[in-house]
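Beneath this line is the structure, given in structure tokens, with notes to follow.
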Amino acid sequence: MKLITAVVRPERLRAVKEALFRAGVTGMTLSRVSGHGGEKELVEHYRGSSLVLEFRDKVKIEMACSEPFVEPCIEAILSAARTGEVGDGKIFVQPLEQVIRIRTAERDVEAL
Amino acid sequence: MKLITAVVRPERLRAVKEALFRAGVTGMTLSRVSGHGGEKELVEHYRGSSLVLEFRDKVKIEMACSEPFVEPCIEAILSAARTGEVGDGKIFVQPLEQVIRIRTAERDVEAL
Amino acid sequence: MKLITAVVRPERLRAVKEALFRAGVTGMTLSRVSGHGGEKELVEHYRGSSLVLEFRDKVKIEMACSEPFVEPCIEAILSAARTGEVGDGKIFVQPLEQVIRIRTAERDVEAL
């Protein structure tokens, strides 16, 4: 099992959710985050200007998946989240050792 | 060491915190999240209806633990978070390579 | 590649961001969280008092890095986040199997 985390533009969230649903994802957790992806902003001061890191509102989507769903999920996110402009976001894949469904105490692939 | 993440109903948070405390957990991080766990909702439109993914407010609890605390923690969460209705939540266990306490720069099990 | 997560005091965030920027970090994701780090609070009641876990506002910073950046990042966080008082925060390091830049579909170290 893997934990897939995607950080995307809020305005692409609806399309990403629909694409994930079509890819067969049945569980996900969303958080509002603030992200920096390399952009700097020139800030004018009273006696000059300086470069500051730019932060933008993003949405973080986390999904626990079994192995066969990993590539379909990534493809779904790539196609639905991309605008082609800088700042479209990132996908991270991490190992996941256990998943447990609280209602039934089922573990691992049965819990997904 | 492991990172345990639980996504639970906000109304069970207090009971879960107490159960974790009794299980010996001394550190945890909480976030407000929005979650989908398979439920679909029928939305009525002007000319029909459609299925949309239902999202609910949940709380995410993250705890870094040493191995002997992993099962007691899971048991504490299972018993305190369960209502028996769909949507009770999920527990995820991930590998954790390093933990560092910022105040002292202690690392790993000493930092827990 | 690793995922570094730091939970720090909100009032140290600006210093931590500057230190990470000087250490060469070009991407990070921030969330507002609520944290417990062992402190208990005595709460007075109508007929006595009880110990409750104290929760404080913290900021969670997540950064995906390639291996050579891991120690410089940790050092940057340690020096910028530390006040010397309890509650300065924690750093967690986890394995990261894949990173993908959504705009270009580049994977792994090229995506960082």
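Each chain gets a letter, A, B and C, in the order it is written, and its residues are counted from 1.
One rule holds for everything that comes next: contacts are C-beta pairs under 8 Å (C-beta built on N, C-alpha and C of every residue); 3 or more make two chains touch, one makes a residue touch a chain.
In this text, all values refer to a predicted model and were calculated from it rather than measured experimentally.
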{"item": "Degree value of the rotation bringing chain A onto chain B, based on Cα positions, nearest 5", "value": "120"}
{"item": "Same or different residue numbers at the chain A/chain C copy interface, by half rule", "value": "different"}
{"item": "Approximate Å spacing (C-alpha centroids) for the pair chain A, chain C", "value": "18"}
{"item": "Multi-chain contact sites of chain B, meaning residues that touch two or more partners", "value": "31, 94-95"}
{"item": "Partner chain B, residues of chain C touching it in the complex", "value": "2, 6-8, 31-38, 53, 55, 58, 60, 74, 77-78, 81-95"}
{"item": "List of chain B residues in touch with chain C within their complex", "value": "3, 17, 21, 26-31, 64, 94-103, 105, 111"}
